Amino acid sequence: MIIVTAGVVCQIVQLVYSIVNREKLRDYTGDPWDGRSLEWATTSPPPVFNFAVLPDVHGEEAYWGLKERARELGQLRPEPEYQPIHMPRNSPTGFVCAFFATLIGFALIWHIWWLAIVGLIGAYATFVVFAWRDVKEYWIPAEEVARLDRLNRSARAEAITRTGMAPL
Amino acid sequence: MTATHPDDPNLVGHGRHRDVPGQGGGGPAPTRIVVGYGFWIFLLSDIVMFSCFFAAYAVLHGATAGGPTARQLFDTNLVALETGCLLASSFSCGLATLAAYAHYPVKFYAAMSVTYVLGLAFVVLEVREFAHLVSIGAGPQRSAFLSAFFSLVGCHGVHVTVGLLWLLTMMAQVFAKGFRRDIMHRMMCFSLFWHALDIIWVALFTVVYLLGVIQ
Amino acid sequence: MTASDQERFPPDAKDGRELPGEDIAPGDERLGGTGVAHGARGYLIGFVLAAGLTAASFYFAHSTLVWAPSIPELLIVLAIAQMGVHLVFFLHITTGPDNTNNVLALAFGVLIVFLIIAGSIWIMANLDAHMPTMNQVMDMQR
């Protein structure tokens, strides 16, 4: 009981401290805990394409090697050559199909046959509409990729000069 | 960047091993390889799901609860007819795939129609068998054996029915859009699906009907 | 074919014909020079073989030619042969070097299926053997 109370008090203290000092503690790089693996090399939240260029991986802890080198040199690696990125189009089909699937499941449990048929027709119609699309993908132009990546790089360049942490 | 040996495996995929297959050289595989392999893995997962139904049937095939047994219920002539329909539909699906790849629309529609008719015949025969069993009091609620039977064979039947819907959709798509590359990918996936259903049926009729009848 | 047909059904060198040294998608085969006729022959051979094996299955299920206790094993062997014919002739899952990924995926699937079916049967048979009879269960509840 006492231990649980102590735990709750610790939690409250953590919350208060974090909220009061939120400006000072805020992380702009996407790497708040000095990570070692590649997921810390991108922003948080990441851009829709995840990485601007395919990461060049050397050794087991890919990102750590990059950071060490950048800290030694005091600067990030040179800017990569940005290419346009091919992305699939967003679609609500999965969500809509799941909605009809829920209807089907509910109807089948309670033997509401007309609702089950409505759900099946709806799910199949959604699938066919999705299958009929002609444009499946779009290109993100290289300039847009560059713009988003440069935001990330500038945050990290600033961090490396400030604290020596979290470069790219 | 420090100098690295040209055969450094960490540099694989960056243009150094372009002509070695499976080494990542030259970028990702062509889309149809990726689509086909992905769908093949899905089919294998579907077969794993069927194996769960098979396992349930294998465990429960003797639990007839004093009710009708496999020997009393199954008609191997009907099953032989169903098997013939499905096997022939697999063959005509293969021909349809060839016609699609060679861009012969009339032959494609003809072969797909034959596949559809044979698949529909299979489903109709199976539905009639189920209706007959229910009418004589041997429905899925009668015993654990019959529950397992209806689940397993019914699951396969539902797969075939969905496949028939897919077939019609494929014909409609080729009619509306021609033999476009992405539609050919879907045709490849459909033919994989249809052949896999026949493979599952081979296991099904052997284990359920034939082994059931000779016990 | 008319001009509009050419647009709707564009000839595409990559569809169904593989470049040398490339991986094969499942369901593909190297069509070679003869194209459709050669492919159709493969399907026909597969169909005839599978039909023959199926007919054999149905025949031996009721036959007295074979020693009766061995019939289940015979049927299972025939079924495996049929599935093999389907895989090779209809799905073109061969042992060529470009097909390795597909074969490995299939082998893994077969392993999982075997574990599920054999494992279920073994475990349930074991439970069944250790379960007391209904009378004993009723006695325990008295």
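Per-chain numbering from 1; labels A, B and C assigned in written order.
The definition used in the following text is that a contact is a pair of C-beta atoms (placed from the backbone, for glycine too) under 8 Å apart; a residue touches a chain by one contact, two chains touch by 3 or more.
The structure presented is a predicted model; accordingly, all values stated were derived computationally and were not measured.
Chemist: Which chain is the middle one, judged by CA centres?
Modeler: B
Chemist: Please state whether A-B or B-C has more C-beta contact pairs across its interface.
Modeler: B-C
Chemist: Centre to centre, by mean C-alpha position, how many angstrom separate chain A and chain C?
Modeler: Here the centre of chain C sits 41 Å away from the centre of chain A.
Chemist: Return the distance between the CA-based centres of chain A and chain B, expressed in whole Å.
Modeler: 36
Chemist: Whole-Å distance, chain B centre to chain C centre, using C-alpha means?
Modeler: Using C-alpha averages as centres, the distance is 10 Å.
Chemist: Name the residues of chain A that each touch 2 or more other chains.
Modeler: none
Chemist: Give the residues of chain C touching no fewer than two other chains, as numbers and ranges.
Modeler: There are none in chain C.
Chemist: Which residues of chain B are in contact with two or more other chains?
Modeler: Residues 177.
Chemist: Name, in rising order, each residue of chain B that touches chain A in their complex.
Modeler: 1, 4, 10-11, 13-14, 165, 169, 173, 176-177, 182, 186
Chemist: Please give the residue numbers of chain B that touch chain C in the complex, ascending.
Modeler: 19, 21-22, 29-30, 32-33, 35-37, 39-41, 44-45, 47-48, 51-52, 54-56, 58-59, 76, 79-80, 83-84, 87-88, 90-91, 94-95, 97-99, 101-105, 177-181, 184, 188, 191-192, 195-196, 198-199, 202-203, 205-207, 210-211, 213-214
Chemist: Which part of chain C faces chain B closely enough to touch in the complex?
Modeler: Interface residues on the chain C side: 5, 7-12, 14-17, 21-28, 31, 35-36, 39-40, 43-44, 46-47, 50-51, 54, 57-58, 61-62, 71-72, 75-76, 78-79, 82-83, 86-87, 90-91, 97-98, 100-102, 105-106, 108-109, 112-113, 116-117, 119-121, 124.
Chemist: Hey, which residues of chain A end up touching chain B in the complex?
Modeler: Against chain B, the touching part of chain A is residues 54, 56-59, 124, 128, 131-132, 134, 136.
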